[in-house]
Amino acid sequence: MAEINPPLLSVKDLHGHYGESHVLHGMTFDVHPGEVVTLLGRNGAGKTTTMRAIMGLLRKRAGSIRYEGTETVGLAPNRIARLGIAICPEERGIFASLSVRENLLLPPVVLPGGLSVDEIHDLFPRLEERRSSQGTKLSGGEQQMLAIARILRTGAKLLLLDEPSEGLAPVIVQHIGKIIRDLKAKGFTVLLVEQNFHFASTVADRHYVVEHGRVVDMVENDKIAENAARLEAFLGV
Amino acid sequence: MTTSSSTTAPVTTSATSSRFPMTLVIGLIAVALLLAAPFAVYPVFLMKVMCFALFACAFNLMLGYTGLLSFGHAMFFGGSAYICAHAIKVLGFSPELGILAGVLFAAVLGFFAGLLAIRRQGIYFAMVTLALAQMFFFFCLQAKFTGGEDGLQAVPRRALLGFIDITKDIHLYYFVLAIFLFGFLVIYRTIHSPFGQVLKAIRENEPRAISLGYRANQYKLLAFVLSAALAGLAGSTKVLVFQLASLTDVAWQMSGEVILMTLVGGMGTILGPVVGAAVIVTMQNYLAGLGEWVLVIQGVIFVLAVSLFRRGIVGEFVAVAKYYHARKTRTAGRARK
Amino acid sequence: MIELLGIPPQALFGQLLLGLINGAFYAMLSLGLAVIFGLLNVINFTHGAQYMMGAFGAWMLLNYAGIPFWGALVISPILVAIVGMVIERILLRRLYHLDHLYGMLLTFGLGLIIEGLFRRQYGSSGLPYNNPLPGGTNLGFMFLPNYRAFVVVASLIVCFATWFVIERTKLGSYLRAATERPDLVQAFGIDVPRMITLTYGFGVGLAALAGVLAAPAYQVSPTMGSSLIIVVFAVVVIGGMGSIMGAIVTGFGLGIVEGLTKVFYPEASSTVIFVIMALVLMVKPAGLFGTAK
């Protein structure tokens, strides 16, 4: 099926298990180049599991995950990263035994076109100020910035951001929203996991609603207002 | 240490009620065979197997049932041997008192060693027990009363309880058999007691057990002391059989051997260590002439057991039995899982 | 000459130097163990045998290939490291998803095999290896043999270089990060399984290097590793496994303490490290430099 704008990431019928428990029951969705797309859902819906599956971190997965046409469902995480996907995990994953600068420079450049260190420092000035501090000595918001910042240098075009607004003060959440919009303007494609759909609506083009490990609905961002009450009830906000 | 098959939980209620008499029947047959065995097989060999089987069962109480790998159990086995030998040879004790002395020593040593070792988890526990055992080894090497490199030899087989003659191997055999069965029963009862259930809970999920109110460290320490005492029982009995206590009994290689026996036989099963001890002792007997190759072969068995046959001999049997039992009940039309 | 507590300075400093040398070996071996344990979570029981292989490598290179000490110093560790990496790739790697004790038992079994094979071939007594730096200098308060000075300096350099690479370089940052979160580091594009293999090789190489340095100092014997490695385990328990600098400091420090004990209270010298271990366990179970787990 020829498409004018083929998807960058195409997930079809993705099943996933944690040990014995069947967590993903056939996730299907697309992300087009330059889009910001969210996976919305309650705790335990399978959003983070989907991210991990895309990144290759979920051992038992089946189905199809195509990135730029390449089937990735059977690849090791480092191979997937080298195709141009990068993850900012839910727990942020800042390394305690590394300084801020070392954390920032850790993910290797896998493709041309990533931001330079200077450009990253322009977006995140705090990180330059605190570059010699131990990574985990940063505040929660600063650690979130660092977790996003370090994957911008790699040249990855698809960014997987898992609940970047979680547990952060509203001012910082706004800042992160601005950063995501900036990244979109620079040409990055973002798949976002969020429970806070108000925040999601300030950055995203489309939202997939996830429940029990499958996509149950898709809402365009300009239709969000009409669906707000329904989504609020659904997400238990 | 998580084991892949737990054999203490019965599968279904009908299996339990039909299994219990079966276990009893098999047990009685085994005892009958053991009673008759010395007329067919060399008694000293059988006694050696029983001593090491008891040692391995005691060790497995820690590894298979509490989930703690002790790399220093030789200090209980050998330390008890030295005390028993000294008590009998030098102090003139009768055998049962010598054994008692050895067991008490092992229990006390186990208490203090356990206090230190249980402060660390998993791998560290193994290293601490190894280092403590090595410290004990050097102590035994240097102490006068152990006889140093010669050990304590020609320990007399005094009359049991003052009047039962055990100088003949065949007579001693029944005494050793009684000790072995006693030790085995103590372990069996411990495993199937509430105390044993708590140990199992600690092994499988210690934080959860603690949150339920169990003082995990106390349970682990008690299990360790019991394990040490029973290992001491094995060591002291061994002194009667071979009339010798030596540095070999407290060396790290001895700790390694008991681990090997348990691994080969199947840890987490009650019969595994017995089978493993029988296999390894038999193997050592046959390969005695090959000198250093024994070390190599034991190493190879270790590598194979850890890489491929983690369930051990008995573990594999149990797994196969469970598989056929599951198939049988499935075809009988009963819904499973 | 001034006597210190009834001990002539020659004896005191001579014994201190020996203690420092022992400490150098403790430091290098516990450093290798710590590096391997940090990333693989495996206590490498084969470490003693690999140390012994390093020494035998030097002996074999000299006696079969005519390669002297200085060549062996480079070649032997590389060869032993390659053997180690093959072991990791084929055997050890299969056990990572299991309880860590299986890895330890595997390396224990491998240690038995290696020691058994060498004992079969070369017997249990030691083989001589000539001192490549004979002679020494008289410092007045003691006589300093050249080779012993070399061992101390070489091991300090090796330990410091290792610490520097791990704690201060980009390569080291990959190792430190992978020790914390290997899955995340792999998700950034780094081949973590290969890093693990190389790290194991490095730790083994360190052990073998220590073995080469030991060859002229002690004799080359198949049992030289197993008796040493248990003391090194005690050193590691005392220092705590977490810190690289901790392993180095504890190793050297305990060597010196052992040396001093030999001077003032010789009967306790073989057990003093274990006694210290017992004391540390009572006071700070995580080890002197360790972080509580």
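Labels for the chains are A, B and C, by order of writing; each one numbers its residues from 1.
Everything that follows uses one rule, which is that contacts are C-beta pairs under 8 Å (C-beta built on N, C-alpha and C of every residue); 3 or more make two chains touch, one makes a residue touch a chain.
A quick note: this is a predicted structure, and the numbers were derived from the prediction, not measured.
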- Query: Which chain is in the middle, if each chain's centre is the mean of its C-alpha atoms?
  - Reply: C
- Note on the structure: Maximum distance between Cα centroids and chain C occurs for chain A
- The chain pair with the larger count of contacting C-beta pairs, comparing A-C against B-C, is B-C
- Query: If you average the CA atoms of chain A and of chain B, how many Å lie between those two points?
  - Reply: 54
- Whole-Å distance, C-alpha centre of chain A to that of chain C, is 44
- Message: Counting only Cα atoms for the centres, state how far chain B is from chain C in Å.
- Response: 33
- chain C partner contacts - residues on chain B that touch it in the complex: 1-2, 69, 116-117, 119-124, 126-128, 130-132, 134-135, 138-139, 141-142, 252, 256, 259, 263, 291-303, 305-307, 310
- For chain C, which residues are in contact with chain B within the complex? 41, 43, 91, 94-95, 98-102, 104-106, 108-117, 119-120, 226, 230-231, 233-234, 236-237, 241, 267, 270-271, 274-275, 277-278, 281-282, 285, 293
- Note on the structure: Within their complex, chain A touches chain C through residues 55-57, 76-78, 80-82, 86-87, 89, 93, 95-98, 102, 105-108, 110, 151, 154
- Residue set of chain C touching chain A in the complex reads 170, 173-174, 176-177, 179-181, 183-192
